[in-house]
Amino acid sequence: MRATRTVQKILSNYEGETPGVKAKLCQMLMHGKLGGTGKMIILPVDQGFEHGPARTYNANPASYDPHYHYQLAIDAGLNAFAAPLGLLEAGADTFAGQIPTILKVNSANSLMSGTAGKDQAVTASVDDALRIGAGAIGFTIYPGSDCAVDMFEEIVEMRKEAAAKGVATVIWSYSRGEGITKEGETAIDVAAYAAQMAALMGAHIIKIKLSTDHLMLPEAKKVYEEQGIDISTQAARVKHCMDSSLAGRRIVVFSGGAKKGADSVYDDARAIRDGGGNGSIIGRNSFQRDKADALSMLGKLVDIYRGKA
Amino acid sequence: MRATRTVQKILSNYEGETPGVKAKLCQMLMHGKLGGTGKMIILPVDQGFEHGPARTYNANPASYDPHYHYQLAIDAGLNAFAAPLGLLEAGADTFAGQIPTILKVNSANSLMSGTAGKDQAVTASVDDALRIGAGAIGFTIYPGSDCAVDMFEEIVEMRKEAAAKGVATVIWSYSRGEGITKEGETAIDVAAYAAQMAALMGAHIIKIKLSTDHLMLPEAKKVYEEQGIDISTQAARVKHCMDSSLAGRRIVVFSGGAKKGADSVYDDARAIRDGGGNGSIIGRNSFQRDKADALSMLGKLVDIYRGKA
Amino acid sequence: MRATRTVQKILSNYEGETPGVKAKLCQMLMHGKLGGTGKMIILPVDQGFEHGPARTYNANPASYDPHYHYQLAIDAGLNAFAAPLGLLEAGADTFAGQIPTILKVNSANSLMSGTAGKDQAVTASVDDALRIGAGAIGFTIYPGSDCAVDMFEEIVEMRKEAAAKGVATVIWSYSRGEGITKEGETAIDVAAYAAQMAALMGAHIIKIKLSTDHLMLPEAKKVYEEQGIDISTQAARVKHCMDSSLAGRRIVVFSGGAKKGADSVYDDARAIRDGGGNGSIIGRNSFQRDKADALSMLGKLVDIYRGKA
Amino acid sequence: MRATRTVQKILSNYEGETPGVKAKLCQMLMHGKLGGTGKMIILPVDQGFEHGPARTYNANPASYDPHYHYQLAIDAGLNAFAAPLGLLEAGADTFAGQIPTILKVNSANSLMSGTAGKDQAVTASVDDALRIGAGAIGFTIYPGSDCAVDMFEEIVEMRKEAAAKGVATVIWSYSRGEGITKEGETAIDVAAYAAQMAALMGAHIIKIKLSTDHLMLPEAKKVYEEQGIDISTQAARVKHCMDSSLAGRRIVVFSGGAKKGADSVYDDARAIRDGGGNGSIIGRNSFQRDKADALSMLGKLVDIYRGKA
Amino acid sequence: MRATRTVQKILSNYEGETPGVKAKLCQMLMHGKLGGTGKMIILPVDQGFEHGPARTYNANPASYDPHYHYQLAIDAGLNAFAAPLGLLEAGADTFAGQIPTILKVNSANSLMSGTAGKDQAVTASVDDALRIGAGAIGFTIYPGSDCAVDMFEEIVEMRKEAAAKGVATVIWSYSRGEGITKEGETAIDVAAYAAQMAALMGAHIIKIKLSTDHLMLPEAKKVYEEQGIDISTQAARVKHCMDSSLAGRRIVVFSGGAKKGADSVYDDARAIRDGGGNGSIIGRNSFQRDKADALSMLGKLVDIYRGKA
């Protein structure tokens, strides 16, 4: 498939990267209903590890089945499907080659005690990604956690291996932990900072949360206020996060968090689009709805990213 | 992209293979104008190594440029493009992700003396394939050569590594050397045998030559004659080669050799189609024509494989 | 390019070092407007990791773009450009071979809590430096931190690998942490001590902060006072730091910290020059100004180091 | 140093290559009196290994000393200096960083018997190149030799390692051995073929001999004659070799062989220039003259490549 | 012990070499009665492997005992003692630290058939040298043998390891084998060539045989005669061999071969001295005499090298 100019422009930002990685980014960018637009919708299904099965799947019991998610991503024409090893393997043969996959290689869980540290376990490898044909690895970092140094060192090492073998790297950059207040987790200064760090560690695709206009870091707050950085709207905040991702030279997708009303999801997408973001990573808001609803919502999101809604 | 039933059926024959390899086969089978039909046309450009540049490219001087071949394969809607490392690398960035590629990892040349043995040099690795994003490695064996044991052992080792890393293996199985007469090189018993050996060594895709009704091996000849194996037409011989490739459980593509008249190329394709073969691997007959002619011929071949011509 | 006598004299101090490392030092010393003088100005852009994007880039929004910094360093005729992996990679192809680069291989961040320890994460490797063509690795140590032992052991291991592979090592030696008072961070005894430790661990280039005449360590204070070590002026303190760097056998560059008035920057440079230091590493004071201002200031600094201002 | 547009254009042909390799190519292309023109003159001094010391150095006894060659290359403003390990090491410290070097990693010698096979010993490694700061490895292949398969496999393996570590690869492609007649060694069809093979194995710079209008391979001869490929002049033959090097996407330099009259050397250079070649690799014709003569000749060659003579 | 200027000058030729290697060379050059003069006498005892015990030791039965050789070398004030692993180990404890040793790491034997190829077995390792405290490894190459490529590749690999670990390398460069006539084994053109190759492969000390004025290689003969290279006396030939060893930048010691009259040994030494060679490696001519005779002869050789005889 011929890459569009828009996609070629995006790929050209990944200077000096192996053609193997660029091919994987191209495949994601050219796949599905947003193929060629430079926009992406990714389906992530790692909440079963993080929140447990009942909280994750039971709202839509069909979603207990891994095949459900593969099929949803394909039917909705999404760009990629991300999940931990066991879940991907459960459909890897049936759906081989039908949708780009992102192997989530580390995982959090809700059973850990308060003393355990905000950390994730490395639960898969680059070789696993190659074996099951995943085009990228996905890794979560927790900037602000006292475990952050270790997490940074893990992903840097894995990224090096992955890139050499033609596998792209997606970093979920979610600030939390000892250094972050509750409000700070979604503060705009913290979100932009999280994006910046992921970019500096070599992420090919960065996943951050949509943010509020809260400013957590006093030193940063001063700069935002004195220099009048526009953080008044979600679109403005998205734009600031794109600037913070090597001036938009890296693909950034935004997550919406827990299930909420459809209109709210659409508003988010419009803000992402208007702020120049690359798209949505949307899990619970899609698979916790029944399939018809989910397909309808995802279709609407495609329309929004295509500028038709 | 949703794999068709036909393609899913083909993939199901690769039992126990890694999803990574199946994904690569799926991408080739779903790509281009024959995408989803189970039929394939592959553009191979390794003749510069085997026959030298003038004999290879000069009939169509635009073809000295590696980009020409990438573009031809894309414009003609072919399934894949196969070439040695230097040639693939010369367009690896520009065309990253736009067409499945097969990295030819061993290479013959015409400068070797009669005493050198019928052999090929290993000129690239599985790691190279990963790095440049090639979906498969291609390896030539010469059954009948005194070097065959070495070649067999090389490809078996490389296939093992490739499959573990999600890279498919294409074996060019071309009988020649001390054990093979000139006529024997295209004899049907030898061709079917070459296909069988490639299949038994684990090839995912087998490339053999179209054959004549000559029978080289006396012991085999007896069986063909006594048991009345139909080798009277090219289609019958293609069918016999498919039977010899694990009863058609492996993808087999056929090569046509040196440049010849278009009608002859079409006849070959119809025979391949009618005999149940998977398609053509067509190099000199495409790129040694000027581009308009080549596109017209390849378009016609697509029609033939789609049963429309 | 023929190395000047001055540069050859400097290189001869790196006894027993691999020619590969010396070649990299030579390239930095011979590059740009100070080429051949034995003086250096280095542009470091790692503040995005340490302080976040808004505080770092927003004063001059063009500087969000990695290309801006490459171009600034080239246009100003600086000796080298230092940055973390993601930032260097974003221009590694466009600017390949056009300016010596220093890959910052560990990184601090401002999101870490007070309980996390004063540490940096290792965010790149010697192999990354080779792959992207960086002539040196840069590593920060925090003498005085409870994490210092770990940091020391990390850089010693990386330096060994780097030197064997012909890559130079720059150590940012910044005292801070449990063992250091606020005033002590810039105390002259502490700065000289930090330089000495970096030198003893094998740094090829040492980066320290300009210091005050404060003396933090009581035992040291006694010696400075009894023996009348001259620390009365910035130039005298620079000289003392050079003495502390193997009697000037190692290249030492000084940083100025946060953005301040141009005259103050010039005064610093004159003190560095007069004290026998090798130059400035100047980040925020250059790229947080608009480009014309920055070029004018850097031009003036070149003149100062050339003894013309 | 800012790369010229011409050099940037050349570098852009090395798609998907590591920035480290591109930086090394850039340094060679930007170095010396031809810096920035896209043309190169390289001084190779490996004849002492191949022909012995007396035949190599005695015509100009000063040239027994390794420093002589470094100094000659620097004084003449050449782009690079190529030699075996012992010779490079003998000046590696004195001249560190002053001229790009190419470490010749395999070596022939004239003491081998007729039964030994046309082969070269691997006499240095990629790690040696890194350690002494060489920007490239140089490797000779003998297409047509019965040892060619082994040589091909050696260089392919070394190139992979070198490129990953940011070291460029120069292939000396010299057809000789059992498959090649005496006249064939310099036949145009054989030379173009040798260039093609080097390119397909991933050479970044290709070194071949200037050729005659002889055609050695009968099958090739037919094509050259029927298709009227212009091989009537040296310039036309150079052009054909450039076409055969991925349509000029690879740097090709030409060697002149044994010492001869200066006018003949100039004529060669004009033909290389007019045929679009990248330059000369000129050993015995430079260092076997006394230094003044050599500098005068090399100066004239620079003028020729700059289009002024 | 303070190195003399003469020794420092010699060491300075080993540019870019590890200080560990230089220290070992310094220890040999500063040891014994010739310590500090830049001249060396080395006792090699590897003939038991090459010629068998009776031929080697029985002329002086005390020499069956390894301790005899250690003691001889110490008593005679030689610079170093070279032997295979078993022999060195037999005195390694008793004489630890008392005399520099060279571990001979490959060995020939006289039991091999004519069809076995002129080769030596690798019989010790760099790790063995470190373990027993040997300052250097010794390795024999046979230029001209059909096994030469393999031998070259072995020593190049071992030298790399040795130098990195601070162990010096001595190459015994003895032309013999399929490419060499009987007279050619000691021909001056062949000897100078052997020295050159050892130097180009990175030998720190080169050991060759004294040569005759025979010229074996026709192409070389022409040059020697046309250019009037002086090979008329042994001293002239030694000088030519020194020139051929990177213009005297490498230490070269000469061997005398089988036992002969003392006067002949002295004449050899005077020629080595007058031609600028670094000394003698003298085995059978010392230890096959009884100890008093040997000490007297070695004392006389010391006098010759000190210019007193």
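Chains: A, B, C, D and E, in written order; residue numbering restarts at 1 for each.
Everything below uses one rule, namely that contacts are C-beta pairs under 8 Å (C-beta built on N, C-alpha and C of every residue); 3 or more make two chains touch, one makes a residue touch a chain.
Remember, predicted model here, so these are calculated numbers, not experimental data.
K.L.:
Identify the chains adjacent to both chain D and chain E in the sense defined at the top.
P.N.:
C
K.L.:
Counting shared numbers against all numbers at the contact of chain C and chain D, is it over half, same, or under half, different?
P.N.:
The interface of chain C with chain D is built from mostly shared positions.
K.L.:
Per-chain C-alpha centres versus the global one: which chain is nearest?
P.N.:
Given all protein C-alpha atoms shown, the central chain works out to be D.
K.L.:
Once you count every C-beta pair in contact for both, which comes out on top, A-C or A-D?
P.N.:
A-C
K.L.:
What's the farthest chain from chain C if centres are computed as the mean of the Cα atoms?
P.N.:
Greatest centre separation from chain C goes to chain B.
K.L.:
If you average the CA atoms of chain A and of chain E, how many Å lie between those two points?
P.N.:
67
K.L.:
Centre to centre, by mean C-alpha position, how many angstrom separate chain C and chain E?
P.N.:
Taking the mean C-alpha position of each chain, the two centres sit 49 Å apart.
K.L.:
Quick one: chain B and chain C, Cα centre-to-centre, how many Å?
P.N.:
About 56 Å, centre to centre.
K.L.:
Quick one: which residues in chain B touch 2 or more of the other chains?
P.N.:
Where chain B meets two or more other chains at a single residue, that happens at 89, 92-93, 96, 127, 132.
K.L.:
Looking at which chains touch, is this a line, ring, star, complete or other?
P.N.:
other
K.L.:
Return all touching chain pairs.
P.N.:
A-B, A-C, A-D, B-D, C-D, C-E, D-E
K.L.:
Using the touch definition from the top, list the residues of chain C that touch chain A in their complex.
P.N.:
48-49, 51-55, 57-59, 61, 64-66, 84-87, 89-94, 96, 107, 109-113, 115-117, 119-125, 127-128, 132
K.L.:
For chain C, which residues count as touching chain D in their complex?
P.N.:
1-3, 11, 18-27, 30-31, 74, 89, 92-93, 96-98, 127, 130-133, 164-166
K.L.:
Which of the residues in chain A end up touching chain C in this complex?
P.N.:
These residues of chain A touch chain C: 13, 15-17, 143-144, 146, 148-150, 152-153, 156-157, 160, 175, 177-180, 189-190, 192-193, 195-197, 199-203, 217, 219-220, 223-224, 227, 229, 240, 243-244, 246-247, 249-250.
K.L.:
With touch defined as at the start, can you tell me which chain D residues reach chain A in the complex?
P.N.:
Counting only chain D, the residues touching chain A are 15-16, 18-19, 22, 164.
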